[in-house]
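Note that the chains take the letters A, B, C and D in the order they are written out, and that residue 1 is the start of every chain.
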Amino acid sequence: MAFVQNLPFICILLSLFTGPLSSILSGKMTKKLNLVMITAVGIMSAMVLAFTVKSGEAYTYMMGHFPAPWGNEIRVGVLEALLATVFSVIMLLCIVGGSKEREEELESTKQNLYYIMANLLFCSLLALIYTNDIFTAYVFVEINTISACGLIMIRQNGRTIEASMRYMIMSLLGSGLLLLGICFLYDLTGHLLMSNIKEQVQILAATGEYQIPLLVCITLMTVGLAIKSALYPFHTWLPDAYGYSTMSSSAILSSLVSKGYIILLIKIYYRVIGIDVIRASKITNVLFVFGLVGMVMGSVNAIKENNIRRMIAYSSVAQIGYIYMGLGLGSEIGVIASVFHILSHAASKALLFVAASGITRASGKNKDFASLTGAGFRNRLAGIAFTIGSLSMVGFPTFAGFISKFWFAQAAFENANHTKTMLALIVLIISTVLNALYFMKTVIRIYTPAPALAKEKNYQNITVRGQAPKSFAMICFVAMNFMLGMCSDPIMKLIQSGLEMFG
Amino acid sequence: MQIFTCILLVFLIVCAISVSVSKNLLNSILIYMSYSLVMSVLWIVLESPDLAITEAAVGAGVTSILFFVTLKKIQAIMKSDEEEEE
Amino acid sequence: MSRKLSNNEYQKTRGFRFRQWFDGTKDPYLGEVEMKPVRDLSTATQITSEKKSDKKMFLELVYDMKHNTQVKLFRRLYNAFAVLFCLLLVAMLLAAVSNLPLIGVADKPVNNEVSQRYIENGLQETGSVNIVTGMILDYRAFDTLGESHVLFAATCTVLILLRVDKKGRKDKIAEQAMNDRLKEPKNDKVLQGVAKILVPPIIIFGVYVILFGHLGPGGGFSGGAIIGAGLILYLEAFGFAKTERFFKESTYKKTSLGALTCYCLCKSYSFYTGANHIHSIIPLGTPGMILSSGLILILNICVGIVVAGTMYTFYAMFRKGGY
Amino acid sequence: MMNLTNLLANYGEAAAMILFGIGFTNLLLQNNLIKKIIGLNIMDTAVYLFLALKGYIAGRQAPIVVDGVQSVEAYINPIPSGLVLTGIVVSVSVSALMLSLTIRLYRRYHTLNFDEITTMIKKEEK
């Protein structure tokens, strides 16, 4: 066994261990520790990615002295390593980009608690990506929920606490359903390891035994994870949570946390139940419909919104709708498009949150649209970054968003079911138009010159150097968006081979 | 044995319903506490002593204490508000 | 009357008092035990009715009932749909349960080679007499590692929400949090007496449950919770001034950090050696002895420390917002 | 669909599912925050009851090795117990978190009714 193969395990343990370690350090030290840890994990994940691409196959890693059906296991393939790498880059940039807001908005004595939460959240994301055991996944889902709640409410005002209560209620409903689904599955198959469950489920599907419980169990797990990842009718906690928490939390939550659950769902579909059984159960059609509704309704709500942070949050609802639409198409290419959209949305949504906070800082921290007029001139870099993020969201060519929309359209075209094709294409067009409406409205507003307003309210100009960490984060995010948009082919290939390894 | 289990299960359901119906919060919490205790008895019947100990200590013990403290805290806040009004 | 004592002396004896109490003529303890004067019922009903009307007015103010019939209608519809949804859920689950394998029967998918190996080889492979402990701390240790961090994360969130930072803050919330004990009897003699008798056995029992976790029912979680409950009882009886002598926030942080570090290190070692097929040097000992079963005893102690600290911290935070 | 004889034989699981439904409804619909949290606890324990029933085999003993007997026929399935043990700890930490949120909300809005809190927040914004 090569030493590189140990790295995923070391990543998980390292991020897990830095959580308790941060509790005795001072705020500044914990920040440094956190940044060093995430960087180290990023580098290690990249090494794992290189290794898996070279070897061309996935491997399992025993957690303990006991082999497969008896002990715990983690499983590492191309897709897992890719996701871990991208997630650590995004996490790092989000934390760097929001450092100033955190210093201002959080109490100085609670700074280090923020990093404890961030470390545990990151650890749980890594564990969700890598784990090969469904009950371990449940435990880490709970860590994820609790630490995400901590990140929301650490900036304390009435709104965030109410939002985190709402978030907790919804997520606990979701995890209850997920746990019940896992119990059903355990009862039917007698295993908790993903690969073993899949073998048993294939046998059950072939013999036709226990059809109803299997269907119920698929439904329970899907609904549970859909609630947790804020699919449209379950999104009520999302705008408040993203709109009022401190900026880096919103960016992390929208770009990583809800995506972690979707990845777990994809994993369950491919590695636990088997995609053929899922297709036969027609649950994908339900996801397809909810995805479509979410795409439209999220955008409509975003248009109505007058607060820039909440607008971006509602746009997240729409984008999650896209991802579920891709899953709901039920074809290989649809899932590939969804996974790519997870990456591209993570990059552009985090960019939007960072840039929006730059813009609002140049407007006296007001988030309503009227005071944002002309903010693009007061903070030039943030203005440009926001424009690029919006263009990527809308689906302008050369940016990440275009590629994912292109692949969604492609997936819809190749779908055998023509009603689905028509519906998907029509809703894609409608949603793109709506996206363009609210994002371009914002961009035009921040580039409308308003020297009178700036003078009257005593706004200050912010230079690139005056916000060095944020500028760094924005530049990196813009570069990421370009990279995902311009050279998407290798990444697509990676995702494809990763999904093949899943199967 | 089956009859005993059945009685316990019926008791659990009655408890769960009366928690949601009862008007007084303190009553709800007490009923929940007894629910936990019955659950731990049920687990002894089901031959899982580990679970029974843990549920008795955690579910009926610490969780209920936390509920009581919350209620008390809320009443303390209520009282200090009333004093301010006066 | 064949009484030997005179009437005057008889009235001082217990027999007379008992008889009086039995007849209901006089309560023998009246005036000796403090009792709350009984509130006049009519004022109480008046107060409740006032409160009810207050509430109604408040609700009308908040919801703006007159102008918000739409909201009301929406709420009703929402509730109806939600109840319907829940009923459907239960029906669906019952349908699924009716098709599941029967309970209490040995021949079903759950009882396969996995549980067979746990039972047949568990004693030799983990050294633990209690198979459940052996399973959660050795075969499936990764879950349990995550679980103890769930506790840690929850404590941190409670700290975020309820800790009152004393540094230069003298606002209302801080005062409220500090003062909530002022309105209660301090140094309650009965409580203190009971606590003096009960706390040591509770804590010793907790330690026993932790240390014998691999030999009988119990383990780190239950034992830790028992110790935590003992500490809570002590705190409730004697107040924060006494507990501060041995348990402060820094104590909690250091002990739980130490325990979690120890846990992480032990498990990293066993995960690493296991995955790389290196023979582990940890001896399993003779099953049935207290110093046996390799790492399980150490892990149980670590978990116990974390859980006890967590439970106590929860209580202290809820109570006062500090230690 | 519904196999009634089977359902009667699985009466324990049926009861667990009903408890799950009650807990779920409470968590979703109760306006009172404390009852919501009790609902959450009921829901969780119902799932654990379901799991514990899965491991139970009539006439066998708890999985603690006695007198060196190590045959499968002697003991019940240990796996569900282990899973439930993990789950109980998760649910106690979650309910502590929810309760502390409740205290904070009460301190600010002086009510336990979640609907009222939501409407108050909306009023505040205007």
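Basically, a contact is a pair of C-beta atoms (placed from the backbone, for glycine too) under 8 Å apart; a residue touches a chain by one contact, two chains touch by 3 or more.
Because the structure is a prediction, the values reported are computed rather than measured.
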Pair joined by the larger number of C-beta contacts - B-D, A-D: B-D
Chain B and chain C, separation of their C-alpha mean positions in angstrom: 11
Whole-Å gap separating chain A and chain D, where each centre is the average of the chain's CA atoms: 28
Computed distance of Cα centres, chain D from chain C, in Å: 15
Chain D residues counted as touching two or more neighbouring chains: 1, 12, 18, 20, 23-25, 28, 53-56, 60, 62, 64, 79-81, 85-86, 88-90, 93-94, 96-97, 99, 101-104, 107
Sites on chain C at which at least two other chains make contact: 93, 95, 97, 99-100, 110-111, 114, 118, 130, 132, 140, 143, 147, 150, 153-154, 157, 161, 176, 216-217, 219, 221, 314, 318
Residue list for chain A, restricted to those that touch at least two other chains: 135, 139, 142, 146, 149, 153, 156, 161, 180, 186-187, 212
Which chain pairs touch, all of them: A-C, A-D, B-C, B-D, C-D
Touching residues (chain side chain B, partner chain C) in the complex: 48-50, 52-54, 57-58, 61-62, 65-66, 69-70, 72-73, 76-77, 79-80
Chain D partner contacts - residues on chain B that touch it in the complex: 5-6, 9-10, 12-13, 16-17, 19-20, 25, 28-29, 32, 35-36, 39, 42-43, 46-51, 54-55, 58-59, 62-63, 66-67, 70-71, 73-74, 77-78, 81
Chain D contact footprint on chain C (complex, rising order): 59, 62-63, 75, 79, 82-83, 86-87, 89-90, 93-95, 97-100, 102-106, 110-111, 114-116, 118-123, 129-132, 135-136, 140, 143-144, 147, 150-151, 153-155, 157-158, 161-162, 173, 176, 216-217, 219, 221, 287, 307, 310, 314, 317-318
Chain C-facing residues of chain D, complex: 1-4, 6-7, 9-10, 12-14, 17-18, 20-21, 24-25, 28-29, 53-58, 60, 62-65, 70-75, 77-82, 85-86, 88-90, 93-94, 96-97, 99-101, 103-104, 107, 115-116, 119-120, 123
In the complex, chain C residues that touch chain A: 92-93, 95-97, 99-101, 108-114, 117-118, 125, 138-143, 145-147, 149-150, 152-154, 156-157, 159-161, 163, 165, 167, 250, 253-254, 256-257, 260-261, 264, 268, 270-277, 280
